[in-house]
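Encoded as structure tokens, the structure appears first; notes follow it.
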Amino acid sequence: MPILKAAIIGGGHIADQNHIPALKSLPERVELIAVCSRDILKARALADKHAIPLAFDNAAEMFESENKPDMIINCTANNLHYPFTMQALENNCHVLCEKPPAMNAAQALEMADLAKERGKVLAYNFQLRHTPEYSLLKRFLENGRLGEVYHIKANFLRRRGIPSWGNFTNKSIQGGGALMDLGVHVLDLALGLLDYSEPDRLIANTYDFIGKAGGKGLMGSWDPEKFEVEDACFAHLSFPNNASITLSASFALNTKMQKNVNLEVFGTKAGAVLNPFSVFSEVDGELLDMEFPHLEEADIQLKNTIAFLNACDGKSSNICDATQGAILQKIVEAIYKSAEK
Amino acid sequence: MPILKAAIIGGGHIADQNHIPALKSLPERVELIAVCSRDILKARALADKHAIPLAFDNAAEMFESENKPDMIINCTANNLHYPFTMQALENNCHVLCEKPPAMNAAQALEMADLAKERGKVLAYNFQLRHTPEYSLLKRFLENGRLGEVYHIKANFLRRRGIPSWGNFTNKSIQGGGALMDLGVHVLDLALGLLDYSEPDRLIANTYDFIGKAGGKGLMGSWDPEKFEVEDACFAHLSFPNNASITLSASFALNTKMQKNVNLEVFGTKAGAVLNPFSVFSEVDGELLDMEFPHLEEADIQLKNTIAFLNACDGKSSNICDATQGAILQKIVEAIYKSAEK
Amino acid sequence: MPILKAAIIGGGHIADQNHIPALKSLPERVELIAVCSRDILKARALADKHAIPLAFDNAAEMFESENKPDMIINCTANNLHYPFTMQALENNCHVLCEKPPAMNAAQALEMADLAKERGKVLAYNFQLRHTPEYSLLKRFLENGRLGEVYHIKANFLRRRGIPSWGNFTNKSIQGGGALMDLGVHVLDLALGLLDYSEPDRLIANTYDFIGKAGGKGLMGSWDPEKFEVEDACFAHLSFPNNASITLSASFALNTKMQKNVNLEVFGTKAGAVLNPFSVFSEVDGELLDMEFPHLEEADIQLKNTIAFLNACDGKSSNICDATQGAILQKIVEAIYKSAEK
Amino acid sequence: MPILKAAIIGGGHIADQNHIPALKSLPERVELIAVCSRDILKARALADKHAIPLAFDNAAEMFESENKPDMIINCTANNLHYPFTMQALENNCHVLCEKPPAMNAAQALEMADLAKERGKVLAYNFQLRHTPEYSLLKRFLENGRLGEVYHIKANFLRRRGIPSWGNFTNKSIQGGGALMDLGVHVLDLALGLLDYSEPDRLIANTYDFIGKAGGKGLMGSWDPEKFEVEDACFAHLSFPNNASITLSASFALNTKMQKNVNLEVFGTKAGAVLNPFSVFSEVDGELLDMEFPHLEEADIQLKNTIAFLNACDGKSSNICDATQGAILQKIVEAIYKSAEK
Amino acid sequence: MPILKAAIIGGGHIADQNHIPALKSLPERVELIAVCSRDILKARALADKHAIPLAFDNAAEMFESENKPDMIINCTANNLHYPFTMQALENNCHVLCEKPPAMNAAQALEMADLAKERGKVLAYNFQLRHTPEYSLLKRFLENGRLGEVYHIKANFLRRRGIPSWGNFTNKSIQGGGALMDLGVHVLDLALGLLDYSEPDRLIANTYDFIGKAGGKGLMGSWDPEKFEVEDACFAHLSFPNNASITLSASFALNTKMQKNVNLEVFGTKAGAVLNPFSVFSEVDGELLDMEFPHLEEADIQLKNTIAFLNACDGKSSNICDATQGAILQKIVEAIYKSAEK
Amino acid sequence: MPILKAAIIGGGHIADQNHIPALKSLPERVELIAVCSRDILKARALADKHAIPLAFDNAAEMFESENKPDMIINCTANNLHYPFTMQALENNCHVLCEKPPAMNAAQALEMADLAKERGKVLAYNFQLRHTPEYSLLKRFLENGRLGEVYHIKANFLRRRGIPSWGNFTNKSIQGGGALMDLGVHVLDLALGLLDYSEPDRLIANTYDFIGKAGGKGLMGSWDPEKFEVEDACFAHLSFPNNASITLSASFALNTKMQKNVNLEVFGTKAGAVLNPFSVFSEVDGELLDMEFPHLEEADIQLKNTIAFLNACDGKSSNICDATQGAILQKIVEAIYKSAEK
């Protein structure tokens, strides 16, 4: 297999801490050749820090340069996922794009279509798929230990976790709040247990009481005046096969735990909780609780990067691909629409 | 105040263990004069056990007797709530009827209309309203400590709790399963926090996988062949003021706890969990968890009986009255309809 | 099936509290007709208390009486297990004899031979076989979930539990101490997992330091001067198929727990602990701990009495029969012999 | 006292991490002059890393060199303990040899004889003797607080701890499995409480089911095809004074804890558990549990190295000397022989 | 020994529940012949309930009757301890008087003087002296295990425990509040560890904030208007040998525990906490925590009654005698005086 | 605001680890220009380590140098607090002096008078005032949530914490023991809740049993021969408004916890415990326990340094100023005097 040439677009924290270290640890598969950021100083600093040869402040220039990348990691703000991903695909690059896929369903669909047309891999960085707990949950599902899954409660709840950095409360840049930033993670996990099918019915409510009122911040202090997104979102999704998902996401909610990221999965043969992974079932005529005393920690970004590279090499792998991303974005849009009613 | 003459219709366990002891402990307010049951031997035995003078196997006869009752406790099967309550109202009796109100919304509405017409009190026996935890929750709400409540998760979940006695799995007698028998309790509690307003949107799913497949029973063994109702129900209700409720009820579900009856309440100023009652809020700039080390146990049936008697005496009191019962039954019907789609 | 006529020999606590209530609760299968005790007043009092028609102070007289018993419950002291059981068998009675089977291996063998010759059921009252934990352990073993069991640690340990009543420290009456009274229970359970095969090698040590020195008593105070038996016994048994058992029993031992009755079972596929019942294994490539949140309590004496009656009716059932009792007594004797070296 | 010149034979992990740091921290007592390893590059690298002047790939050469060592640390594989220790003693060096002493009893005896003949110290590196818990246990024993110790349960159990590195599953190099590698540690501790007397009776069983079947590895994955040693060993030892030891060791066993290294010690006055150190006894007529809230952590390798150096200086010290090592190896051999029956 | 004839003065709860059952269980030592209460109906009812022959409403009459008592149990209100005890002593009766001894120091001294003069036993019913924890604490002290005790923290604290029955908030009847009713118990225990010596210095503060403000009552609701005593008392006592006691008592205090009755004892060799009894010391050079896994429950009233009877029989016994009672009352008075400053 | 020039007097651990890092992190407010220590080598080394330009072994010289400091951090031994602080004030420097203020009340008063006379800030380094728990406690007090505080238990207890370094057991250098070194911290906190008023009555006892007897040391081993101070101090303080404090401090005490630094505060509306911060009160008619799930850790030295600098800038700030320090030292002296009686 040839070594792919990779470039980073977007010079923020997630590039520095997650994507670049993952790529750098795979020198036999990928070579990091460039960083591109609106701010050339930032691009240069990041490139220098990680010994990456090139720095750009203009993506077009990068794509036209001699040492053109084969793949792009799109780490830009949500509202730039669409333009830079489209530009990369048009330049025949594979793209690993940060989540959420896009600002709306139409963009995500267009991105999926172009990826298909160009025969390139487009994937979204839902790295929670690679936790040992979710991997084991999937194995249980695939081995038939859960029977058929018919209801899932998917939660990504923070008590006071509105980030004070970045643009997390700015609707025109982020496209949304708790659902767009947090809820999509557990929605992706839940859909992954239902063959990523599309719901035929859904209902949702969103709120912004705490965000707009202000309060104690556990991820820095936010400005209630500039809070434009939902701080909490609750939705119920029903699927053609009658399975259902209850989705709850919050930046701020008056609840006990500071952070609660979890799935509760109910199957015909057994139920499961993701964290800590445990299974509730019957055996030999008695109720059974299963616990797993030794699940190894995993570098979930590294595992997702490898899954993406495997896809680029034409292998099947566990990524959120362009098609799934479009379905997820369509659901997100439907949730927001339902909540407006 | 005159002492009311009371009669029991339906000679089962709930009459014997709950209603009769409560009434007997209030001799200054009520006199138990008769028991009526289809089976005269059962009626007689119950009457003898509790030193009640009269026993009937025919309600009409009872209403026509000289020593006519002023109030009726309707402890019959769900499908008999409507006919006996109607008959009692027509005979100008107050009625305390077991939950759920009726088999469908039309019946409950009719019952409410007749009660109004006759100027009699009709109430449903939702006694969980009188737990010290719910009473304190209401005080917190009324004193403004929660702010405005905008989302409630209401759960009445059993892991393997399909009763093997009675008719709990028979649809034509019960009208439904986990929702009709268990879910209505927490739905009543949740609605009580939202001024018993009616949802303008809802969606629901119901299931019967475990009930129809069979398994370990913790409330006796049930016959999967005769399981005709839902073993689990999940619904999302949205209200005109944008508040929402997530309702979950089960007779059987692959979950950790054997029994989980709880509300999680999210308000603009504070959130609360019902059991054990605790509140999550902020004070003096810090996150605050409130716990209550000494809540006295209450005889909730006695409290509900007293509330009903107070209503009969024309005092305002915390009962689920005929109007609320009709709203609740309407929601239940809507949930079942949504689940059929 | 005809109703068996039963008589009790030995009028002590275990007859009064365990055997008679169990028999009395099975009127459709057994009729208690007589109590026999050396002390006629005691026999009479016990008979009166439980409404049993006849009382004897002479077993021979009882066997010769008109209303002769079909079965005997032998509740006498250890040194009388042999003579009364032999007498009962000779009189063509089935016998349920208290544990241990006898004072030595020769007696137990003779008892087994006579039972066989007469075609009568002789069983020993090892009622711990019927705990829900052991029943589930057996089901796991039979369903292959443990694989092949190759090592068992069997413990019946008390920190300071030398009974101050009865004859527990008198060797000529009891035949031994902690092993004879307590260890035999868990030895029976362990052998039950190994097809009750006989060990081909064993080694043991017994001690009486604390018994002879005296100390705090948690089951009354004992007299160190009259302490003639072992207060602790440790043995290792090796079986022809290379399985092994480590057996530990104590009346008194300087250990943390007041009482510790347990098996640890090690199989090729899984291991198990009896109390609380839990299983340690692997599933889907991960280590698995299994717990059982709802095991119902059982009336283990009643279950053993029923098992005995089933055997009398010619059905196969889970009892410690005469053959097993002889094997167990042979092992006990071999342990004491090894400890003398 | 003169400073001893020390050389390391065997350039593996235990030399690098344990022995060299301990020796290096004692410059006033010992000077590390050489490393000897079959692989000269490895020897050189280790010497350079720790600033040790000389590196050899031939022990004979080292002993003949001008700057000849006074003492040897033998960190080689089990099957090389004998030849290199013999060679070192013949060259008049003191030897601190890794455990187990040798491949069999004859070797260990020969080593002890030669050490005696040459007047040199030969000790085995059983460093668990120096944990604060065992030191305190010994003080309790010596101060008479336990009375006479008559039974010990000694466990070194791993659930899935077959090392994937080194030669731990190779019988011709290791001489054995769980007993040889792990069990010897707790056997040494237990013997140390019984004046290192020799058992006059013993019985044992060994198993290799899990090792040969494969499974989840917590210390890397092992190859079941190449698993030649026992994965579990259970033995009972009886001593001339009637004391007894139950020894359990495993590389792999279906048990709850990942790792369980412990002694339970039963004495006439008190019992003790090693980890966490606690004592069970009586005081002023009541049962007493003793706990020790502050035991300082110890560098157990450093303490054993100092003990060895003290012995070289002719002082009495707490080491496993050549005589004890020979006794221990004799027991190990007897256990394996018993298990073959 | 002759059987003593006993009479009860004061027909309340403590007579009915504590003293009479204790006396009745000792028929070989004491015969209950009379009950005396201001209310003859109450006296009669209590006498009948317990099969006591005589009932009086006039103590003088009782003392003049033919069947005159030898001993009196004085169960009257605090302000009647003095007159009835004096009258009983004048009639040559032994007296077991409820605590506190009297309303003030002068009364208690006079009572002690008269008892001495008449040669009769006067004791106060401080039954907490007989808990197994305090008994063991005393044994530890006497056996020298604590060394010299130099500081004691004595607490009897209730969070919201103002009794709504009796006269607990009435100063003219009770003489005081939390100190008089609760604090005296732990003061007696603490003094018992210091040879009941008298403090040469003390300082105290008392409060009545919560009692006068009202609040949640856990022992019924009290009337803040009628709250005349202290709800909390804190004092420091210093003794001639430089030992010291910190005493804290409360009916109502904003503290975590509902009830906290405890001593913390600091000695030169060891410290102890009373509940649960534990000792903190050193052994063999390490810090030691001692716990006692099996302290039997005791009937502390029965034990105190026996101790009183032993004293009447001229045996030494662990009672709070007249002299100690006078010292205690003197300290209580000094505390109240100090608090007034 | 001008940048203040600061100098350190006393080159020990507390200067190196606490004060210099705090000052260095505030370059916009303060410039560290000199270190002064009796030992010029120590002064030089510390100055070099932290890049401080000047080093002196003579304070007079420093004050006369050209680059004269504006403020002094006095980190000397207790007996030097007075002379160096006086010298600094005379040289018109602000002074942040380590605790305790001085050796006796007279010194502290003189220091306060001179500070006032020169118009300079003198503060003592009681940094525990800035823990998030105490800050929140103060906010609760100020917001009226506790009502009026009337009793405080203030503890700084170590089980075996006599420092083996420094001069902690030397009376002529330290002025005292557990009270002087530890107790003053919690006394300062307690006084801070009572408007730093002066007690009008107090009583105390001090002890040195363990210090003089020796024992296990958890902060190194101390020499009992050289132990000249109290190892424990217990005092009761009563204030003009009737509030009271119970103060307990120990270097060594036979108690369970190794270290126990805490306040229990009792107010008319609520009580509080400092660590972990929790509040006990009533709400809506029920008992309430308040917990605070997220208190951020604070750099308490930095916060106290900033508070001192703010005071130098004329702003009000939370420091223990010269007046408060004099009150505290007066109380300490009174405690020692009381204990001598």
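Per-chain residue numbering starts at 1, and chain names A, B, C, D, E and F are given in the order in which the chains are listed.
Throughout what follows, a contact is a pair of C-beta atoms (placed from the backbone, for glycine too) under 8 Å apart; a residue touches a chain by one contact, two chains touch by 3 or more.
From a predicted model like this one, the values you see are computed outputs, not experimental measurements.
Student: Farthest chain from chain A, going by mean C-alpha coordinates, please.
Tutor: It is E.
Student: State the pair with the higher C-beta contact count; candidates are D-F and A-B.
Tutor: A-B
Student: Please report how many Å separate the Cα centroid of chain A from that of chain D, as a whole number.
Tutor: The mean C-alpha positions of chain A and chain D differ by 51 Å.
Student: How many angstrom lie between the centres of chain A and chain C, each centre taken as the mean Cα position?
Tutor: Centres of chain A and chain C (C-alpha means) sit 62 Å apart.
Student: Distance-wise, how many Å sit between the C-alpha centres of chain E and chain F, to the nearest whole number?
Tutor: Distance between chain centres, rounded to whole Å: 43 Å.
Student: Chain B: which residues touch two or more other chains?
Tutor: 160, 216, 218, 256, 285-287, 289, 293-294
Student: What chain pairs are in touch here?
Tutor: A-B, A-C, A-D, A-F, B-C, B-E, B-F, C-D, C-E, D-E, D-F, E-F
Student: Note which residues of chain B are touching chain E in the complex, please.
Tutor: Per the stated touch rule, the residues are 293-294.
Student: Considering only the defined contacts, which chain E positions touch chain F in the complex?
Tutor: 147-148, 150-151, 159-160, 201-205, 207, 209-210, 213, 215-216, 218, 232, 234-236, 238, 242-244, 246, 248, 253-256, 264, 266-271, 273, 278, 280-282, 285-287, 289, 341
Student: Given the complex with chain E, which residues does chain D contribute to the contact?
Tutor: 136, 139-140, 143, 145, 283-295
Student: Along chain B, where are the residues that touch chain C in the complex?
Tutor: The contact residues of chain B facing chain C are 160, 216, 218, 256, 258.
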